[in-house]
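The chains carry the letters A, B and C, assigned in the order they are written, with residues numbered from 1 in each.
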């Protein structure tokens, strides 16, 4: 009985959020804020900086979606999730979109009922070893102790790789990246394995990054992308095409520098459609006409987002590699805006 | 007389009192103390030497580290440059990130005075509960405090806590009025009255009230750091005391169904670790709320921790109830008091008084356990350290300073509370019987 | 007021013969408890229906279902520390079983060492050596007042930072030699030799067990002789001899059938191979739980000893008992009655706190079933329910043991 009273009191006190309407898009618009699930802290992808602002590659996706839907790139509520809580958070409606280094797999798509809206980073699981070990290939790692950051598909890939190569290893599962790194640096494990991008990000923070090498083997395909709940196609379309807008913008040469100029109208009809000066793509999505422009204005096109957060000029120092545009030998290929 | 003594003819009889001489050196002062307390026999001496070695080892390793500590750099790399291989702590991380560690990284900086004020007021609110000598009138402030603290920390419209308080006030009045009749009627009447007030009040509060409020609203997701630990601890303990009393009384009830419900609940909660209950809060509980409502993580965690501590507090109070002499129950009965009256006027005041040390111990344990929320991605003090701070490029690898800081904070608070509890125990031991 | 009168006396008087009125449901003690229970049952049923209904609706909306089939699926991940055969081809259920055994392992180990730490610290805290008793007070206060999660992380960090890497022991000219050629202490864990059971080793084991029995039989006989005739047989050395000599003798007679498989520094370039490895996460968790809970047990032990009235000590001393015997025969048997119940609840706490293994990567049930399995299958509700079921069962079993013990040591008064 007492419990009900307390619950009632807290509910009335406005702690619990309001009721949800039919679709996520309407919810977000009504709320005026996008709830975006991110990691609890992976530098370069999603981490709060010294002043408490979230920044990173995944964060930029959230901001672009918020800008496209609400016209305000700061109207995002970042919800930190762990590997354990992320799917429940999305399934239960606590977050609208999950942009958290989540690998697109069959079972997550089909069995867990989520919808991946594209790939914002093509990753693969790699290995990092101290150079002094003199290891040049992952196949030489027989008997090694391997630190794994848990909560991803990493454990499974690792088990499969060692099993198929018929070599043994000692797994050390670690909850957070910071602790895994401490274990690795102290020599409690010989190898650190996680997504290659994460390895690069981690190595960048070392005292002596040169003493550690990334092995050439990439043992898995890890297409990372934002995902939404299954069945809400309008909302899925919004997230998918916001991501595509960023990718197309790079392909079409729309940058945050020339955005205002381009938005005034160009000779290229696709740019015009993307930026909303021609056609009614925004209306079809249920958004304003300048949604694409807003999304790009949030953090620049895909190339700029990449360069600012994880590119070669940053401490993370990742090359574009697979994540270059298809015209430059990469895998990024946005369907046309028409 | 003295003259006579002086003239005593027998030679071996002393003619005067020998002046008091100081005790031998080995039986006096520091020497005696050291000998008796440290080197009284061989095993004792060995123990002492071992203890001295341990203390020396610990101090010789930590003192230079602390004394050489650096407070002013802006990253670990700079610390290392300044130290140039010498032993020394890099306390700069505390200097730079103290605000994040204490308040979380999202709580607006210009609003830090609000939780600070709430913390100071907490002492005034707790004082009349903890020290029986203070005037009872101060309890009035204790009653208002939760609503005041809620408003201070979360901000937003002041109407919200006022309506909530009003609901309780109306409920109390109704209870008093109907209390003349039967307990059941007044109890349920009070609940209905409170619900009506909240419902009506909730409708009266304008939707945009929070935006124009005197204090800017802070969503509970933005709470963090040590403040989050304190808030979880204080909120959950204070919510769980009434629930615990109800459970303890229910467990002693003569009604089998109610007793059975309470026993199952208490034993279930006490049988599982808090972390599984937090998993329930983080991954399961959302499925049990209505599909169209979302309840934020903070509230879900508060619910689970409250249920958790209520079960432990119920057991403490049950002990208090059992410790009362049977005569007290019989006396209440012989006065013709009914059950609620007997409980309210005779039994509970005494039982609660002797339960307070136990409740305080549960509170300390619970406060320490609030660090577990870091496992479910809440940024409390430990969560801040393991997450954003250690993951940042500048402070990657600063473990000791941060963990030591967290340990020191918890130690100060918990040691303080447990000293109070011991003081109270001594006081109650003399005051009882 | 007169209606609400609920003294025990009123139930004893003859029930008034009046007709049943609706108000009697609230005001008459005979019916009131029924009314309350009916309301409680109704509220409970409503709550269960409400929550269950929400769950069904939410699951249907998300297109999910409740199913435990995933337990039979291939788990796909490896576990470092395991007591039974397990690899990535095994099922999630066997991963959970590995986790259960690991939980029990660390809980049992920690219960033993925590008791040892606690008893030593508790007794030393009462020592008349000022320095030692103050040191123990500091130990108790520091460990009691800092969260166990922080201790686990600190101790794991210390182990990682202070102990040498496995590299120090490896290769032809290692930096460090194995202790006695058998033990290695690294930040990955402790490597110890494993026994190798050759032919005839069972005989040695059998002889050893027989000698244990023989030792107890001897002690019993000596005690009986002491009580019956007052003749004092030596206890210590003979029992030790009975325990060890026959086994050692048979061991060498059979040509040393039990060998030792020491960790080999040369077999692998990354790790020592062979022997038994006790992983660093296990050691850190074990040690952290023991030393943390030890502080609580120390307080219980101190309270237990202090609860014995001074007269007991004096009476024992007046009987001419030596200090050791005062402790063994007079104080401890009485103190144990005070110490054991909180001790058992500390054991319960250790079992529950072992779920914090998740912070150091020890593969207990929370880390396997509630960790990787939950992550991989996304079956959050099922996994958490199973997890709670396990802990509940374990706790209830321990509580049952405690009640059984309490009943057996209860003072048989009058």
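A few remarks follow.
Rule of thumb we're sticking to: contacts are C-beta pairs under 8 Å (C-beta built on N, C-alpha and C of every residue); 3 or more make two chains touch, one makes a residue touch a chain.
Remember, it's a predicted structure, so these values are computed and weren't measured experimentally.
Viewed as a network of touching protein chains, the structure reduces to a complete graph with every chain in contact with every other.
Two chain pairs, A-B and A-C, are compared here, and A-B has more C-beta pairs in contact (counted per touch definition above). Averaged C-alpha coordinates put the centre of subunit B at 27 Å from the centre of subunit C. If each chain is reduced to the centroid of its CA atoms, subunit A and subunit B end up 39 Å from each other. Taking the mean of the C-alpha atoms as each chain's centre, subunit A and subunit C sit 42 Å apart.
Residues of subunit C found to touch two or more other chains are 58, 157, 161, 358-359, 374, 380. For subunit B, residues that reach two or more other chains under the stated contact definition are 279, 283-284, 286-287, 291, 375, 386, 399. Residue positions 1, 84, 88, 92, 175, 182 of subunit A are each in touch with at least two other chains. Remark: subunit A residues 1-10, 12-20, 40-43, 47-50, 52, 77, 79-82, 84-85, 88-89, 92-94, 175-179, 181-182, 185, 204-205, 207, 315 touch subunit B in the complex. Every residue of subunit A that touches subunit C in the complex is listed here, in rising order: 1, 83-84, 87-88, 91-92, 107-108, 111-113, 133, 141-145, 150-153, 155-156, 158-160, 162-163, 169-175, 182-183, 186-190, 229-231. Interface residues of subunit B, counted against subunit C in their complex, comprise 33, 36-38, 40, 44, 47-48, 51-52, 54-55, 180-185, 254-258, 261, 267-268, 270-276, 279-280, 283-284, 286-291, 333-334, 336-339, 364, 368-369, 371-372, 374-375, 382, 386, 399-400, 403, 406-407, 410-411, 414-415, 418. Taken together, the subunit C residues at the contact with subunit A in this complex read 43, 58, 62-64, 76-80, 87-89, 157, 160-161, 164-167, 187-188, 267-271, 273, 279-281, 358-359, 361, 363, 367, 371-372, 374-376, 378, 380. By the touch criterion given at the top, residues 77, 80, 96-97, 100, 105-106, 150, 154, 156, 160-161, 163-164, 167-168, 191, 194-195, 198-199, 201-202, 210, 219-221, 239, 242-243, 246, 279, 282-284, 286-287, 291-299, 302-303, 306, 375-377, 379, 383, 386-388, 390-394, 396-397, 399 of subunit B touch subunit A in their complex.
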